[in-house]
Amino acid sequence: MKIREKSAIISQECLCNGIYSMWIETNAAEYASSGQFISLYSNSDARLLPRPISICEIDNTINPGRLRLVYRVAGAGTDEFSHMTAGDRLDILGPLGNGFLAPVTERITPETVALLVGGGIGIPPMLELAKSLQCNVMAVAGYRSDKEMFLTKELEGAGRLIVATDDGSFGTKGTVIDAIRAEQIKADMIFACGPKPMLKGIKDLAEDMGIPAYISMEERMACGVGACLGCVCESTHIDDHSKVNNKRVCVDGPVFNASEVEL
Amino acid sequence: MKIREKSAIISQECLCNGIYSMWIETNAAEYASSGQFISLYSNSDARLLPRPISICEIDNTINPGRLRLVYRVAGAGTDEFSHMTAGDRLDILGPLGNGFLAPVTERITPETVALLVGGGIGIPPMLELAKSLQCNVMAVAGYRSDKEMFLTKELEGAGRLIVATDDGSFGTKGTVIDAIRAEQIKADMIFACGPKPMLKGIKDLAEDMGIPAYISMEERMACGVGACLGCVCESTHIDDHSKVNNKRVCVDGPVFNASEVEL
Amino acid sequence: MNTSVSIAGITFKNPVMTASGTFGSGMEYSEFVDLNKLGAVVTKGVSLTPWSGNPTPRVAETYGGMLNAIGLQNPGIDTFIERDLDFLSRYDTRVIVNVCGKTTKEYVGVVERLSDTNADMLEINVSCPNVKEGAIAFGQDPGALADITKEIKKKAKQPVIMKLSPNVTDIALMAKVCEDAGADAVSMINTITGMKIDINRRRFVLANKTGGLSGPAIKPVAVRMVYQAAQAVKIPIIGMGGIASAEDALEFIMAGATAVAVGAANFRDPYTTEKVIEGIGQYMADNKVSDITELIGCVR
Amino acid sequence: MNTSVSIAGITFKNPVMTASGTFGSGMEYSEFVDLNKLGAVVTKGVSLTPWSGNPTPRVAETYGGMLNAIGLQNPGIDTFIERDLDFLSRYDTRVIVNVCGKTTKEYVGVVERLSDTNADMLEINVSCPNVKEGAIAFGQDPGALADITKEIKKKAKQPVIMKLSPNVTDIALMAKVCEDAGADAVSMINTITGMKIDINRRRFVLANKTGGLSGPAIKPVAVRMVYQAAQAVKIPIIGMGGIASAEDALEFIMAGATAVAVGAANFRDPYTTEKVIEGIGQYMADNKVSDITELIGCVR
């Protein structure tokens, strides 16, 4: 069930330089699951297209009907959102996409070891995933430096957390891949979100380890519901929709088994 | 001196069905005089052109730096303004135009009898004019009915006021012209603002009476400063700017000697 | 109150359609919109074989509009008939199939495959600015446009709508050429070719460099073209380009469009088509218009 | 940091100009903008005799833009030289005079009258969509465009910029035609023909029915045309259409424009030209661009 409505902003805070966290109240929360995303619409009449933002947390217990979105100011739209405050209204459409658990073909048991990997602004969706997984969770989060770290406390609360920073100012120096290698992590499956080169690294790593990796992809979107074919990514197999090799990130994804997509 | 700035809304109230009164704080107030207008800019990025609104009152005594604008909701822009409340910001450009007293070629003495005629949403600029004239002021205001009357108290405060209503529910039944004829008003000059047919009536009346009439004209505007030639009205004489018969309402007017313009 | 209109003998319950390529075959939007309420669903362009379209990024936002360079990705006519037309057969709405091809032969091939299907009409896309061969090449040359229209008309079992490109000097001429070549209707406008540059990365935003501009920004151009075409031809016109409200739709109808289509606006508000239909009804009630056909081309 | 650009041997202190017809001759805006800071003032179109233009309403707002149908009202070349050129001679900025006419003879007449004035360059408006004769008729026909360009070049003492219409199928062809006919530069785009209908009164908003669309809405079309023209010709291009910020201006420059002009944006913010100039300087500083000419056409 997808909801198109004016949501209400409950709170907004700056987590660190350029990274904002926003709780919104919306009927979409009821239908949401980890790895899905919400399309946010600008209040400016000049900006018509949606800004897709992953769901970072779903509150269906203390304040049911609330979603947390954590985002980086990347342009005019996200800049506008970052200036909103409690009580402001924000047009949304969601939840959209498949989410992390839909494409998981393996059974997850309490014994399963799930490795969650987030790079930069790919970290937020890992939080709801960590909270919702009923198994052993290990998270690896990659940041530029210790000054740009966010959500680490929340992730620690959900399982073991390993941090990598590009400049080595905290945790392992290097990428999340370096950290996983350095810590010789073993797992039954990987979930990942982050920049393309990182996802490529995860795909290779998972192949080496002989385990499946479920990765969340990004692409420019227009409809967000699978109709416009704006957001495709190249798939290894013929896709069901267009019978070519293009899966739609907005409905076939954003989470794909890494072996399904070309990176 | 024309000011382009973000003004602050001090107060907003609905005077009667669809007519709003707004006080704004702006540096433009210092340079404003009766009959000039302010270009208001929408906060919507879809609406780029100005909405010209006449100055209804200038407060340079109690709260210097404030202007009153009284306007009718006519479309999307004025509708947007009507929803603004104290503290909101509104982009403005002004004061624009010549104002009522600039084109007055006669001398005004304390003995002069000035007849001020406003029809509907043409009434607001008469208020500041009535307040600023140092002579005998008689005002005639035309409304549709007693339910749509506004600014009558303020106008009464500034001189004698005669009201005409289309349906006769208050004052003289008929137009302002009917009222002036019925009351056999004598005056040395007329100032008028209102719909085109009314201005035409005033022009004819003034000719009959052998006195000058200064009328405020309306036209669609783009620049508001005389550069685009969007807002011209047909003039009886060759205009100075383009050497044709087109005066610019935004700078040559909005107030013209009725004998100067074709109606 | 009558809101139905008729084009080439086919009756539509109201003049509001979906613009090709912005609504898929209705499946994705059926979660929001009751397809039975629409005048017609106009499907995404379909070709003889599957097309994979252009590389990404395929869409970009512009002031009051958007660029797209999808490149006509589609599953080809076989899957389309089997899946999409079958899906649409369950709804009480008209089905207009948008057809694309690289050569006249390919267009005709698709048209022939559609002969004994539930497609009510065919819309021939000779105006897509985002593919190298075919498409816009036909739509920008009066001679080529006449030829392809004639070839298609020879084989088509259903009425044929030629979808025109705004990227021409004289839209009235192009509409006339279609009428003379036997087209049953014309639709306009397809997107206007545009470009966006990312000044920080110093490169094109779209992988295809150029894309087609659509959305509210282009509405005045589209209304003008519908008006000019309406003065030149007698066949019905389906108008589109920036429609996001009933007021927008009525502008097109008054300019001469018999029907209208909602495109990019669906992306911002999936309920747009239903709102446009309701709003037109409201306008008719408020203004005591008993038959929508009174409004078609009423401004001259 | 060098921000100066050169067109046909004339140097401009920066690439930012005013778009003809949106800035008068600078008088009205000199209250807001220091004209000495501008690359050039491009004046409103001037004809041989005074023109009274079209009836009102002449302007209408559209989503993210505006329509105008001024119809080239102007005082004629005599008053213009005496008053406007004299006014501009007091400023340290380049002066480009925009020229219009109904016949080739009229254009040439204006051009000749300008020979011994302080006009630095001439911009020939063969693309105004709002007058019945002349203007756009020349700008939409390659043959007529070549002819008028040649005639004007024969008589012109100053370098000649041909101002092109976007209402054509192939802008690259039109630019090439001008180059081949001897034009020193081309400028683009003039406005795109559009229309607005008042659905409540059921009539055209503009007295002229159609008008020219300008403003942010048209920017993607303008950038695309500048890019296409830049791939086709070697003469410099002056780009315009929807520029309201330095970012917008830089898109045009990277697409291939040597200079840019600000039009409708002046109406919303009279300080736009100065802000664009400052913003370009800021971009150059931030990105360590020492010479603006490095950016011209850098995206391909």
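To keep things simple, chains are lettered A, B, C and D as they appear, and every chain counts its residues starting from 1.
Here, a contact is a pair of C-beta atoms (placed from the backbone, for glycine too) under 8 Å apart; a residue touches a chain by one contact, two chains touch by 3 or more.
All of these numbers come straight from a predicted model, not from anything done at the bench.
Asker: So with chain D out of the way, what's still stuck together?
Answerer: one piece
Asker: Determine which of the two chain pairs, A-C or A-D, is joined by the larger number of C-beta pairs in contact.
Answerer: A-C
Asker: What is the distance in Å between the mean C-alpha positions of chain A and chain C?
Answerer: 36
Asker: Centre to centre, by mean C-alpha position, how many angstrom separate chain B and chain C?
Answerer: Chain centroid spacing, chain B to chain C, equals 47 Å.
Asker: With centres defined as the mean C-alpha position, give me the chain C-chain D separation in Å.
Answerer: About 34 Å separates the centre of chain C from that of chain D.
Asker: Can you pull out the residues of chain A that are in contact with at least two other chains?
Answerer: 45-47
Asker: In chain C, which residues are in touch with two or more of the other chains?
Answerer: Where chain C meets two or more other chains at a single residue, that happens at 63-65, 216.
Asker: Pick one for the touching-chains graph, please: line, ring, star, complete, other.
Answerer: It is complete, because no pair of chains fails to touch.
Asker: Which residues, counting only chain C, touch chain D once they are in their complex?
Answerer: So the residues of chain C touching chain D come out as 62-65, 67, 140, 167-170, 192-197, 199, 202-204, 209-210, 213, 216-221, 223-224, 227, 242, 247, 250-251, 254-255, 283, 298-299.
Asker: Residues of chain B touching chain C in their complex?
Answerer: Against chain C, the touching part of chain B is residues 45-46.
Asker: Using the touch rule from the top, collect the residues of chain C that touch chain A in their complex.
Answerer: 21-24, 27-29, 31-32, 44, 50-53, 56-61, 63-66, 68, 70, 73-76, 79, 215-216, 264, 266-271
Asker: In their complex, what parts of chain C are in touch with chain B?
Answerer: Of all residues in chain C, those touching chain B are 63-64, 216.
Asker: Going by the contact rule set out above, which residues of chain B touch chain D in the complex?
Answerer: 1-2, 4, 41, 45-50, 93, 219-233, 241-246, 251
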